[in-house]
Every structure is written in C-alpha cells, then in structure tokens.
Amino acid sequence: MSEFGLVALLVGALGLIAIGIAGLVLARNLFRLVLALAVAEAGANLLLVLAGFRQGASAPIIEGGSTLHQVAMVDPIPQAMVLTAIVIGVGVQALALALAVRAREAYGSLDMDQLRARMEADIIAAAGTAPTTSQEAPSGARPLPPPLPSPARIAAEEPSS
Amino acid sequence: MIALTVALPLLAAFLLPLLPALARQFLGPLVLLAVAAFGLCLAGNALDAPSVVAIGDFRPPLGIVFYADGVAGLFVFAIAVVTLLLWPCATPNGQPDPQITRKHSLTLLMAAASCALALSGDLFNIYVFYELAAVAGYGLAAGSRTPAAQVATFRFTLLGSLGSLLALIGITLIYFRAGSLNLAHLAELAPSTLHDPLGLAGFLLILLGFGVKSELFLVNSWAPEVYATAESRVSALLAGLISKLALLAVVRLLVLVFPVPEASQLLLVLGMLGILTGELAAYRARDFRRLLAWSSIGQLGAAFVAFAIPGPAGLMAGIAVALHHLMVKPALFLLAERWGGNLAQLAGAARNSPIAAALFVLFALSLIGVPPLPGFWAKYLLLSGLAGEPAGLWWLAGLVVLTTTVVEAVYLFRIIGTLYGHQQGSVMQSRTATTGSGIFALLLVGTALSAPLLAAPLQKMATQLADTDGYVAQVISATITAPQRSGTAP
Amino acid sequence: MTTPLDLLLFTAAATVAGAFALGRWRDIAWLTGAFYIAQLIQLTGLDLPSASHAGFTLFGQLVGWQMDGFGRFFAIITVGAAAAATAYMGGEWGERYRQAGHSLVWLHGALAINVLAMLLLLAGNDLIALFIGWELTSWASFLLMAQGGERALRAALRYVPYAMGAAMAVLGGIVLTHAFTGTLQFTELAQRVPQLENWQLALMVTLFGVGFSIKMGLLPFHLWQAPAYAEAAGAGTSFLGAISARMGLFALALLLVKFVSLTRLADLEFVSGLFDARDLIAWVAAFTIVLPTFTALKQNDARYLLAWHGIGQGGYMLLGIVIGDATGSAGGLLHVFNYATYQAALVLSVFAVLHRTGTADLNSLGGLVTRMPLTFLVMLMGIIGLAGLPPMNGFVSKWLVYRSLMIEGRPLLFLMTVIGTLGTILSVYKLIHNTFLGQLRLEHEGIREAPWSMTIPMLVLVGIGFVTGVAPGLPLQWVNDAQAALGLPVLPHTLGGVESSQGGLDMLWVVGVLFAGFGIGALLFYGVGNRSKRIHQLDNYAGGHFLSADVRYHYSDHFYAGLMHRIGPLYRGSFTRLEEAVASANDTLAALMQAWYRQRVPMLTLLVAATAGLGWMVLQ
Amino acid sequence: MLTRYGSLLFATGFAFLLFSLFIALPMGEPPTLAGQAILNEAANSVGAANIVTSVVLAYRGIDTLGELSILFAAATAVGLVLGGQARAPRPSKEDGAGGFILQTGVDLLFPLLLVVGFYIILHGHLTPGGGFQGGVVLAAALVLPVLARPEESPSPAALAWVEGLAGAAFIATGLAALAYDHAFLTPLLGAGQLGDLFSAGTLPLLYLAVGLKVGAELAKLLLRLAEEGPAA
C-alpha cells in the first residue's frame, strides 16, 4: 500500500474518532449518543489495526501447512486486540441501549437535557432537600413532558382495525 | 494460585444463574473466602519475593504475565474481604430481591476484574479487565432500577466509554511506538522510546481514561449523580474498591514505564484539584450520599497526590491513603443505607441508634486524621512525603491537604452535631447496616492498634512496588512451569 | 517494670475507665476525685525527668513519653483543676444537671479523658507524641464543651474549624521540621533547630506558632474561645477556663524557648535592627491582654465576661515567657498557676449563683451578698486575684511580669499591661457589683447560700490563691523546675517571694502591712464608736420618694456609660467580620465547586482536557 | 452556539493533535517486537495455522476470557436493567408473524446459518474467522426465526444454560492445565500437524466454547431488546 494510502487511512480513522467524539459532546438524543460512541470506537479500532500494519506483509495465516514462511506477515497482536475491543464495544453499547430504553419508558423522552433535569429533580426529591441550583427559577413544577402513555393505552386508543 | 484468584470468581459468576437456589446463596461468599485466603498467601509469599506466573506458559513479552507482589496480594485480600462485606443482600426494606442472582454475578465479575487489575502485568490485559470492572459497575449502578439511576448510569456509561476509548488510543500509541504490551518489557524499552512527548501523550490518554473510574478530577462528575442514585452497597464498591484498583493500574504504569517528572506532576496537579473541588463541594452538600461522593473524590485526589511523590515514600503514602479510604468509605456508605437523604433528617439520630452514631464519629475522626487512628498515619505519611520534596508545587499540595482537612472536619462535625443534637429528625432503625460497618470499624481499630506491626510489611511492599529493576528481572526471567509444553501434555 | 510516669498515665486511664464504667453510680465523684488526688500525689513526688516505657516505633519515628519539670508544672494544675471540678460536680449541682436531662456519665468521662489527653500532651517526648496529645486534647475539650445543651453544642461546633486549623498547622510544622532536621525527638530538635536557616526557621515558627496560638486564643484566633468555654456545663467551664487553653501556651513555650531559643528568635528580623519575631510575639501578647479584656468589659453574661478575661490573661503569661529573663518567665509561668486557681474559683462562684438564681445575666442580678455571703467572699477574693492586687496570688505573678518589663526596658509593653489591668479592674468590679452588691431583686428574696458541695471546692481554691499569694515560694519551686527544664535562667526565691538585687518582693511583709492597715481601720471603726445600723434595703428614700420593691435603683444597665460613650466606637467587631468573611468566601467557593459537578456534558470536559493535555505534550 | 463551535473546534483539534503524533511514527514499519516473536514461534509451539487465533486463544487467552466475561456482564446487566425474569416475548400486534416469504426464507436459512456458524468456529484455527465471528452467525441463526414466528423464540433458559456452561467450559479447559502442572490457560493436547482440523491442541475446543457463548449471549441480548420493542 502506498504511503498516501496509509495516511489516508490514518486520517480516516482519526476523522471517525473526531466525528464520534463531536457527536458524543453535541448530541442530545440518547440513541444518537450511542451511535456516536460506536462511530468513535470504529475509528479507534481502525487506528489499532493500522498500528500493526506492515508494508507489503500478508495476513498472519500460514498457508499450505508449511511452518516455513518467507513472506512477512502483519503484526497479529493488534488484530487480536481489535477483536477484543469490538466485542467490548458491543457489550457496552447493548447496555447503553437498554438503559436508554428504560429511561425513555420512565421519563418519556430521549433528550439528554430533559432527562438530566428529571434525574436531578428525582435525586432532590428522594433526598428531601431543596433544589440547590437556581434561585431565580420560576416557582412550581418545571414544564416537563408527561411520561409516554403505556403501550396498552396506545393500543386501546388506536382506531381498531 | 495467582490465576485462580481471577478464574474462580469468573467461573462462579458464569455458573451462578444455573445453580439451584440454595447453592446460589453460598457459592459466591465461599469463592470470595477462598480468594481472600489466596490473597493473604500471595501477600505473605511476596514479602520474601514476588511471584510471577506466565498465563499459558508463554515466555513473558509474548504472553501475559500476572505479577503478585505484596501490594497486589494485599489488594486481592482487600477486594475479597470488602466484596464479602458489601455482598448484595435483600433490599433495605427487607424484601427479597428477585434480581439478586444477577447482582451476585455482577459483583463476582467485578471482584474478578479487580483482582486481575491488581495482578496483571500487561497493558492491554489491564484495559480488558478495567472494562470488565466498568461494565459490571454500570450494571450494578443501574441495579437500583429507579429511573434516576438509569439516567445517571447512562451518563456514566457514556463518559466511561469515552474514557476507555481514549485509553485505547493511548495504548495504541504506546504499542505503536514500543512494539510491546508487557509492562516489564515496556519498562526496559521506555527510556529509549517512550520518554518523549509521544509516550507521555499515551500516558495522558490512559490516565484520563482510567481516571474516570478512579474519580480523577476533570472526569469525575459522574460520581455525585451515580452515588446519589445507586444502592449504597454499590456506591461503596465503586468508591471504595474499583476506584483504588483503577488507580493502582495507573500507578503501575507510572512507576514502571513513566518515572518522569512530567507524569508525576500531572498526577499531582489533577489530584490537588480533586481534593479542592471534592472537599469544598462536600462542604455544601445537603444530602448524605452526595456528601460521601464528594468526600470520596477528595480522598482519591489525596491518593493521586500521594502516588505522585516519586520513590518508595510516595508509594507508601499512597498505599496507606488508599487502604484507609478503603476501610472508611464503604463503611460510611453502609451507614448511608439507612441515613441516605437529607442531612437534616439525621437530627437526634444518636438517641435512636447510638451504635451507628458512634461508628460515624469513629470514621469521621479517622477521615480527618485524628491520632492514633490509621487516618492520621496515612495523612502523616502523605504530608511528610510532600514536605520531603523541594518547595513549590509539592508544598502547595501539602497546604491544600492541610486546609481542606479543616473544611472536611467542619462538615463532618456538623453532621456529628446534628446526630447528637437536641432536635428530632425522622430516621428509622435497621440492624443490618450497623453490622457491616461495625466490622469495618473493628478493622479500623485493629489497624490502629497493630500499626507498629503493620508498618514494616507496608514499607516492604512500597519498596517492592517502587523496584522497577526487580520487577523487570522477575518477569523476564519468569520460570515457565514446564520446559516445553507440546511434548509432555497428553 | 513500670516507671512512675507509667503509673501516672495508668491511673489517668483508670480514671477514664472508672468514670465510664461506674458513671451511673451516685457517688462516682468520690471515686474519680480520689483518682485525681492520687494523680496529684504521684505528680508532686515525680522524679524529674521521668520517662515512660510506653512507646513504639512507627515508620522510623520513635514515639515516646517523658515528663520533665515544665510538663509537670502544667500537669499539677491540670489535675488540680479536674479535682476541684469533680468535687463541684459530686453534689447538688450534678444532681440538678442530671435532672435537666444531661448525662453526668459523659461529663465525668469527658473530664477524665481531658486529663489523660493533657497528661499525654505534657509528657510527650517527641513531636508525634506531642501531636497525639494535642489532637486528643482538642477533641476531648470539644467533648467537654459540647455537653450541656444546644447552645453549648453550637459554640463547640464553632470551635471545630479553629481546632482543626490549629492541628493542621501543627502537623504541617511537624512534617516540615522533619524535612528540615531529619528528627522529631525533642532533645535532638533542641540542638538542630537553631542551626536552621532563617527562612526555614521563620516558616516553622509561623506554622507552629499559628497552631499553638489558636488553642491559646491569641489574637486574631481568639473568637472561638469565649462562647465555647462559657456555654459549657459549669464544672466543665471551670476546668476549660482554668487550664485547657494553657496547653497552647505550653507548646508555644516549648517551641520558642526550648527549640528555637529566644536569642535565635530575635535573629528573625522584619525591620533590620528594629523589629524582630520576638518583638512581634511580645506585641501580639500585649494586644491579647488589652483587646479581649475590654471586650470582657462589654459582656452582660458573667460566664462570658470571665471567659473573655481568660483570653486576656493568657497574654500576660506569654509576655512574661517571651521576655525570657528569670523574673519575667517566672512571672509568666507562675501566672498560669495563679490564674488557674482564681479563674476556677470565679467560674464556680458564677455557676453557684446560676444554680441558685437560674441566671448569669448581669442585668438581672444584684444584692445577693446578703443571701450568699460565702459565694460573695469567693468572688471577692477571686476578682482581687484577677485584678492583680495583694494579698492574692495574682498580684505576685503580675508584679514579676511588670518588674521584668521595666528591667528589660520595654516601657511601651509595660504601658499596655497597665491598660489591660485597668480594664480588668473595671470589668471585675462590674461583675461583683452587678451580682452581689446593690439592690436585691424581689424574686431573689428566698435565695439561700450555695450547698456545701459547691462552696467547699470554691473556698479551697481561693484558699490556695490566698496562701500562695502570701507565700509564693511554694509554687515557685515548681516554677523553678519548669524554668530549668526549659533552659531558662532560674529565679531565686524565698518563701515570701523574690530576692533580687534590683528590688525584691516579700509577700509576707506586704500582706502583713496590708492586714495591719485593716486592723488599724477596724480599730478606728469599732473602737471609736460603731455607729452603723442595719436596715432593710427598702427602708430608704431617693429623690424624696420612699422606695418600693418595684423601683429599680440598682445601676446595672449601661454600666460605665460615660466610659462606653468614649470607647464604644472602638468595638467594631473587626475580628468577627474577618471570621464571617472567611466563612462566606469558603461558602462561595464551595458553591462554585458544586456547580462544577453539575456539568451538562461531562464528555466535553474530558475532550477539552485530553486536547489540552495533548497540546501540552506536543508543544513540549 | 458557542458550545457547539467550541466542541467542534476541540474535536478537530484533538484529532489534529493525534494526527501530528501518529504521523511521527514509522507508519507501515512498526517495531513489532512481541508480534514478530510470536510470528516466528507460534506455528511450532501452538500449532494453529491462523496466528491471530494463537494470539487470541493462547498467548492472550486471558484477554479473551475477560472479553467473554464482559459480554456476560453486559448481558446480565441488560437483564438487570430491563428487569424481570427472562420470559418469552409476548405476541403482540406490532410484531406479528412474518409473511410467507420471510417464514420460508428463515426455514431455509436457519440450518444453513447453523452450519456456516459452526464451520467458522471450528476452522477458526486454520482460516480467517473463529469463535466470535461464528458466534455472531449463530446468534443471527437464533434470532432470525423470531422475526418470522415471534411466538417460537428459543427458550431463554436454554440460552442461559449454554451461556453459563460454555463460559465454564472455557475456564475449565484453562484450569485443566493446572492439573498437568502447567500455568492457567496453557493449551493442552499437543500442537498436532499444522493445518489439520485436529491440530493446535485445545484451541478448537476453546473456540467452540467461545462461539457458543458469544452466540448465546448475543442472541439473548437481541431477544431482550426485541422484547422491549413495543414498549419503547
């Protein structure tokens, strides 16, 4: 592979990381946050594979049952590491999605800011302390969306076919 | 035996959901008891010489090694004991928990991962087990199943994953530069390859990544949210145990691979800011759990500062601070099981539950470092380590530790005043909480009484931990248990 | 094999154990009292210096205990004050305290812990042992302060930041000392500390000095002391007032005289040749005499008035020790003893009044001399001592301090002490006038003398004050031991006072002349013709009107109105405002820190940190 | 707005700084100290033609164990979060039975996927692929029928057994080495003939355990999330 190709791959990997991190910082939707995490992880994995790449080497699989291998092979360790990293990423993303599902069920929103406000309100209510944040906030309950109606109710309200 | 400390809890965790109900009750604690025994043996053996095992019998720079020095053995023991004391049990209101098996599994996974973090001598392996501890931690943190806990855990998960991502990039950098992952090998290679901006950038990324779990300043804003919403026992595990092990991993990297002033100063500055922000935020806290969260941020900042001091003195101080916090903070979180919530509710609680109040006083006194409790010795070692360094940033850190201790004393004594005050609050009574933290209190007092006996082994451990050459020699010359494996195996 | 010091510490520990184990027993005071007496006997018979076998080595530091003459001097006062307080607690006062819903067990226990902690502090033979004792003393006195109601608890909580600040300053000093000298043993420190460079010495003295003077209540760290001492339970107040704050003086003297040495201290010059660290400390002491004394003048609660005086009197002691010649240091040290006797007696008498009348408010008392004559006598003798007049012992120690200030050529400092004494005289007069003299209030018609369990300890204390006033040679022996242990010149003394080429003092003569004068007066009064007639206080008239019980002619509100009009604007509460400013700055900072932990997107912080860190690394 | 641009700026800056660090490295010629040593000796000492497999299961076997544990932890945590005992998905209107094409296609694909999955797993030591890749195919095979006939999903209990026993088998294989005086996770049974199906000692067995565990774990995760579908 040409020198240019390698740099392009590097730029691609770092670009994925940058996009993913920017998404993590800017996105407010929980699902998008998880997707952004996945994008960033893809970038990091690509970077890891790049770290083991050798110019003109073949995949680390011995062909034809011969223990003699004249051809240079790429570093197998980063490949194994990537395998591990991918699986770890899958696990974490699944967990994050499950949490998002539950959060939406409870608070009726996937918006991080709203969820955070509800969470803080819940923490304060559970602790029984007065809110410590803003003293200027309008008194009374904050205008947060009501929880989504349960699926059973959706089903009931739909015009029956 | 070294590998068993990791393999046994993992095995138990895998099998736990399959077992009959009776066996489920006892398997976990039994395994943890075994691990505790292993940990004691390892620590005892390591006082003569650290032991090394090459997992899979592959010679060290190729395969993964587990290195059991005194500190690792001690932490394995502590992990098992603390996990046992914080073993998830019925919910505070006494209802049996239908999810208890899952919690037990996750707790065992967490214990196994912690042991591996203490023992592992391979950078990527540390990353993997850090992740295991993290995922198990996320699961447990969400385990209280309140919506707030789920949102907090979601935020925690994202932050932790981003941290892990950065750590992975850091590991990539280091591997790319040095071509190895084995810590001993890296220690040999480091002076020629890694002590440059590139290597330090790798260290920085790993520090920030692992810092998430060890409540490093800048990446610790998850702590108050999660500790306020998770079950107290889980908070105790996260704050008491997991944070220390993540810290220990960073310290191994710092000592073996990056013994350069820049790296120490990074730790020092971040630790100092952690102390300042944590203790001051705790000063204004109005509910017990978040107060503990902030206070533990401060304490871990102190541990970072201690480990930043180069040489055995700093490591010794760090171990002392970390172990002390390990004894006190879980116990306080156990008290929070009953006392979580508004601090004003605690008014007059000492009359209803004198034992719990007395325990709180004991822990508070040790936290602020009243002699002859162990907290004093930890603080003394930390401060004398800092005073032994040249003036400047180090002394500033000492000043920060001293002044924040005053702040800490004020907020802790405010609670003591509330507890023993003359107003009436609304706090219920429950017996289990006192038993758990009572055992921690006994440990604490035991440590105080036997301090002169414990000092020498502790010093030995710190010297071992600081001994990079010894580490490298031990690992590189690690004896493979069988000379050539392919022929002998059936 | 146990040494005498081991036995002493063991007795003190046994007192603690006994107080808690048998605390519910009605006559526990007899037991603990006996233990205190036993400790006192052991102390007076102690061979000097007496080492203890207790001790251990930890992290390379040898921690051990050994009591020398200096420590013993303070220890005697400590145990004596505890014994007096215990006797006071043992009778009716304790019974009432228990009935009010407080715990007498904890009061006895706290007192015993205090004594043990102070003995450990006084016998410390290295800085770690000193710090252990220091911390134990701090928290033991917190325990004693917090007993006795909500207000006491609030005042004790105000003490916490000061106590902790003191402890941390001391701890900082200890670790720096270790870094500078490589040792924490007293004997080695005494050799090595004077050889340190000036900046090191200055840093050490600052840290230790701040720490120790907080406990002592030196300006500007004195605010905690008056409320914390005044609000405590009666017997506790007397013990705290008599000795607790002197632990700071003990440690300060140890530092300044024994380790640093006063001559070396004078090398730390602020303005070359004009003003050095020693002058600074002397002036701080002088201001500590004046300002709190005049704050005491303003108090309307007898307990607070005495507590504020306690702060001011500390200044005399430190001033005497810092002057550092034989006379001055003897005066300073002797004042510790003398002050303890009359302060304890005064506090106990105020609490006796409080016990009978239910108030210590100087505006709602008066005329009690006819109802509580013994208590009046105790307070009279006490204030004579406090004001530093013969024949009480306070005169001797103050005279020694004045004398050395004159000899050493410090006229300005002398002027300050005189101003302080003036304030003392004015305010103690206010105390006795508003309490005992003048018009008896109607509601106090049926008041009886305090019970014997209370009057006897008070009388014993003023008795000691009187005897040591007439024969100051008795305590001066202990003072000499203390001076020798500190390495100060020893003051030669006689039974009646001091012999010196520059003018001695013989109290036997002074008191003799004084009482001869009284005798002549009495002769004139009774011999020439006793024309006095006893009438009821309302059998009288003023402004042409006969007095009735509802008319208040007792002058207590706005006492010293004229003087107050002059000096009133000076009471600006600057220190209180300083304290508030620190507290609110801390609060604001804390709020900021909490805001930091409520970040909307913590990932952004992580990103910024990583970017900044990488940038730093790349640019290097 | 400021936050937005600032964040973008920092993200690009971060990437740029990383770029400047990586570009300084010998791209295409990494040092490969440990990697080259493994390449040299793996074929002889482990006996797997696929050297990545040697690394994954032998040299860094404990990483793989950790990884399996993470999957297990994630699955357990998802179960904990989503709550309740594992239960069969309830048939509901939204995800009713698939149409004829889906049902027939699934019937055809299911055995095929199983075979391919096991093939990939069992040849992991010889060719590209292995337990993880094969496990994912297995999971797909298990999940596909649910699309077609939601009421006939695999029993969660059976999945749990497979998952638990497969993980235990991995550890047990590792522990077996202890019985023969080897360190934990030492491959046993000899290296065999390079390139044979029955070579590389216990590695194929380990990969089988990995494959089954990954398959069961992923299937469980997907099924759990699918269950929650209508509710979310």
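For reference, chains read A, B, C and D in written order, and residue numbers begin at 1 within each chain.
In this section, a residue touches a chain if its C-beta (ideal position, glycine included) is under 8 Å from a C-beta of that chain, and two chains touch if they have at least 3 such contacts.
None of these values were measured; they are calculated from a predicted model.
The interface holding more C-beta pairs in contact, when B-D is weighed against A-B, is B-D.
Of all chains shown, B has the CA centroid lying nearest to the centroid of every protein CA atom. For the pair subunit A and subunit B, the distance between mean C-alpha positions equals 26 Å. Per-chain Cα centroids separate subunit A from subunit C by 65 Å.
Annotation: 19 Å between the Cα-based centres of subunit A and subunit D. Residue positions of subunit B touching 2 or more other chains: 124, 128, 131, 135, 138-139, 142, 150, 155, 158, 162, 169, 176, 181, 197-198, 201, 284. For subunit D, the set of residues touching two or more other chains reads 7, 10-11, 14, 17-18, 21-22, 30, 32, 34-35, 38, 44, 59-60, 63, 66-67, 70, 73-74, 77-78, 81, 83. Multi-chain contact residues of subunit A, defined as those touching 2 or more other chains: 17, 21, 24-25, 47, 51, 77-78, 81, 84, 88, 91-92, 95, 99, 102, 116, 132.
If the chains shown are joined wherever they touch, the resulting network links each chain directly to all the rest. Residue ranges on subunit A touching subunit D, taken from their complex, read 1, 3, 6-7, 10-11, 14-15, 17-19, 21-22, 25-26, 47, 50-55, 59-67, 69, 73, 75-81, 83-84, 86-88, 90-92, 94-95, 97-99, 101-102, 104-105, 150-151, 155.
Put simply, subunit B touches subunit C in their complex at residues 155, 158-159, 162-163, 166, 197-198, 200-201, 204-205, 208, 212, 218-224, 262, 266, 276-278, 280-281, 283-285, 294, 316, 365, 368-372, 376-377, 379-381, 383-384, 386-388, 398-399, 402-403, 405-407, 409-410, 413-414, 417, 420-422, 451-452, 455, 459. Interface residues of subunit D, counted against subunit C in their complex, comprise 3, 7, 10-11, 13-14, 17-18, 20-21. Across the complex, subunit A is touched by residues 124, 128, 131, 135, 138-139, 142, 146-148, 150-155, 157-158, 161-162, 164-165, 168-169, 172, 175-176, 181, 225, 228-229, 284, 286-290, 340-342, 344-345 of subunit B. Interface residues of subunit A, counted against subunit B in their complex, comprise 17, 20-21, 24, 30, 33, 37, 40-41, 44, 47-48, 51, 77-78, 81, 84-85, 88-89, 91-92, 95-96, 99-100, 102-103, 106-107, 112, 115-116, 118-119, 122-123, 126-130, 132.
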